[in-house]
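Below are two complexes that have subunit A in common, paired first with subunit B and then with subunit C.
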Partner chain A sequence: MSLGDLQVLLFQLGARVFAARASDLRRVAGSLLERPEDGVAETVLGSPWNPRRGLVVDVGGEERTVLVDGVLGLRVVPEPDFEALPAFAREVLPTAALTGFAMLDGIPTLVVDLPTLVREGERHRSAVPSEEESRHA
Partner chain B sequence: MAEQQERGSGAPDPAPRGPASGSEPDVWYFAVRLGDGRYAFAASLVTEVVRLGPLTRLPAAPPFLPGVFTHRGEILPVLDLGELLLRRPVATRPGGRVAIVHADPWRVAVVADEIEGLAQVPRRRIGPPPAAQQAGEFLQAVVADDLGDIGVLDLPRLVAAARARSVPA
Partner chain C sequence: MPERTSSGRARPRAPRGRDADSAAIAEVLRAHAEGDYARRVDVKALRDPALARVARDVNVAAEKAKERSDEVAARMEAVRLGLDQAIDAMVRLVVQGDLTGTLRLAVSDATLTPLIAGVGQVMETLKRFVKEIREAALQLSSSSAEVLAAATQNETSTSQQATAVHETTATMEELKGASHQIAENAQMVASIAEQTLSATRQGEGAIRAFMESMEKVRRNAIEVDEAVVKLSRRVERIGTVVEVIDEIADRSDLLALNAALEGAKAGEAGRGFSIVAAEMRRLAENVMESTREIKNLIGEIRESTHAAKEASDGNKRMAAEGERLGGAAMASVSGILAGAQGTSDSARVIHLATQQQRSATEQVVQSMGEIEEVTRQAQAGSRQATGAASELARLAERLASMVQRFKVD
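Our next item is the complex of A and B:
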């Protein structure tokens, strides 16, 4: 691994595979999460079909767990194999959590900024009233 | 090789200017088909026409951005002209043709129902846009070639409007 290389964690959410910088992760939670209700399930990436794993990240000094369908492992990606999101796509996407692509075996795999993903998910959750809140409104 | 270079060199400036005159050179447009309609934009915006590679979809992308694809190592956003103009998505498929355009400051790949290619139009056949039409806001002119009428689009303005529509408040 040279200085410009970056380690990414590949994970599966629904039918898709995404990458995240390994340095963003504190750990991968196992199949039995202590409090699965605390996990972040709904994000701009969609929801897991069968959340068996959790990606534990640090957000503002607190741990948050992004629920995913599976963890596929770590890959070392040379710096030239990273591509930024095209400028136009960056402008029109409603999220800053998609940062670009890691070219893995020639296939562009979306790189996700996990802390941003969690922050955006929580903002969205607090902006949308829950079913219970809606009933009492 | 799947790619095709559609533009000849030395194509005249395609921007329509002033009233038509018999001695003025023809104007070059790049024509596409959307449903039953024919549309075009300045040929000078098109850098090349290539085959669409596998599309990578982007989560939460607006409908006019069906995804991105890789062309010679560059990742290009794909713009659905049908969705943008008529709110009727184009059926994108790998191997279909896309036009790579430079709509300042962005470089994007444009998909339509059919890519026709260059259309050479005498200046005298350039007319004003109709007062009311579905794509009217972005129509600069109507031109006619041997195959019929073509609505000329202000593509950079169309792309900028799409961007403005999507930018979160």
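Our next item is the complex of A and C:
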């Protein structure tokens, strides 16, 4: 493993598999089905079908847990197999949480910046009033 | 020429003298003795006076005898004439058939009086006979007509009877054949009934065995049901254990994952740690894969036990239904058995009865043959009787016709 190599954690969200930098994670939590409100279920990547794992990240000094369907494991992505997101794509995509592609077994897998994903989600939720707030309004 | 006697014999020449006279007298007496009273002794020719006197007496006697003989002859002629008249009169009366008159004769000789009286009596008797014969002829004609009618009727009846007997005999022959057929069929029915009875008894035994099997099936189903319940409980316990194992494996996987993550964060220093953690995670995943397979197997076992339970319940229901149906079948077969027994008994009775009927029919056919023969003879006799009655009637008519020719009134 060289210094340019990337340690990623592969996780499944819905039907798709994403990768996240291992360094962005504090730990992997077990199922949060007992208290799903403590986790982040809805993101720009979609919602888990059966959230059995939680990816715990540090956002502004606080832990946030992104609910996913499963964790497939850790992989080392050699530097040549990582491609940063093209500029055009960064401009077009509605999120800045997708940072690039990692070629895993010949399959391009999106690498997700989990803290950015959480922050964008929280911003989105704060911008849109909840149903209860709408009813009070 | 010698002198001839009345019988044609040559009279011997008379001797001269006394002898000649005696011979002459003797010759006349012989002629008288032969009934020739016309001969006389030529007294003048006699030489002996004594013999001449004798000769005269002979001549007188001859004359008186001749007179007497002529009288007798006349009376005999009168009687003969009266008889001829009476006979002619009777013949005429009889030939003409007229018995109404009385006999009258031209001759009134006293000697004929009894004869006339006798003829009159004969006539009266004949009249009475004719009357009686006429009445008898009339009665005979009437009776013979009745006899003829009766004989004709009898012949007709006998012919009809013969025809009826013949038809009856033919019918009895057919009945005899039918009786044979019936007897054979009855025997076949008896045999089939016996076979049916035997088969029904076998069926009864089979149903009893079936009911015993159903009872065993029901008991086995209960045992299977209890075993399935036990198996289900065991499987549930296994499921619980597997859940625990799965939970442990999941936690192990999580721990291994975090350990690998920490190893990855530690960089090169945590590499060995990451390898161990990865191996632990692989083991945990293997365990979870195994538990998934066990869960799948448990699910299949649950489905199988559920199916086995349902099958067992179905077996119990089917066994109970089988027992119920077997009981109903047994009741039915018992009824069938009783019916088959009755049928077999009745078939045997019918068989015996048909055999008796066949024997009786054969006897009747034989008797009818004899009756037909007798009837045929009676018919021939009746035909002969009719012919005889016809002949009798014809004779009666002829007799009546003949009697009708006699007039008696």
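In this section, the second predicted complex is superposed on the first by the 133 of 137 C-alpha atoms of A that agree within 3 Å, B and C clash if a C-alpha of one lies under 4 Å from a C-alpha of the other, contacts with A are read in each partner's own complex, and residues count from 1 in each chain.
The rule we apply is simple: contacts are C-beta pairs under 8 Å (C-beta built on N, C-alpha and C of every residue); 3 or more make two chains touch, one makes a residue touch a chain.
Being a predicted model, the structure only gives us computed values, none of them experimental.
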Query raised in the report: Which holds for A:73: it touches subunit B only (first), subunit C only (second), both, or neither?
Result: second
Requested in this report: Count the residues of subunit A touched by subunit B and by subunit C, then name the partner with the higher count.
Outcome: B
Query raised in the report: Given the touch rule stated above, what does A:30 touch, subunit B (first), subunit C (second), both, or neither?
Result: second
Query raised in the report: So, does A:7 touch the first partner subunit B, the second partner subunit C, both, or neither?
Result: second
Query raised in the report: Taking the superposition as given, does A:92 touch the first partner, subunit B, the second, subunit C, both, or neither?
Result: first
Report summary line: Interface with subunit B, subunit A side, in the complex: residues 44-46, 83, 85-89, 91-95, 98, 101, 103, 106-108, 110
Query raised in the report: Mind pulling up the subunit C residues that touch subunit A in the complex?
Result: 250-251, 254, 257-258, 260-261, 264-265, 268, 271, 274, 278, 281
Query - Complex contacts: residues of subunit B adjacent to subunit A - result: 54, 56, 58-62, 65, 68, 70, 75-77, 79, 105-108, 159, 162-163, 166-168
Report task. Quick one: which bits of subunit A touch subunit C in the complex? Just the residue numbers, please. Result -> 1, 7, 9, 22-23, 25, 27-30, 52-53, 71, 73-74
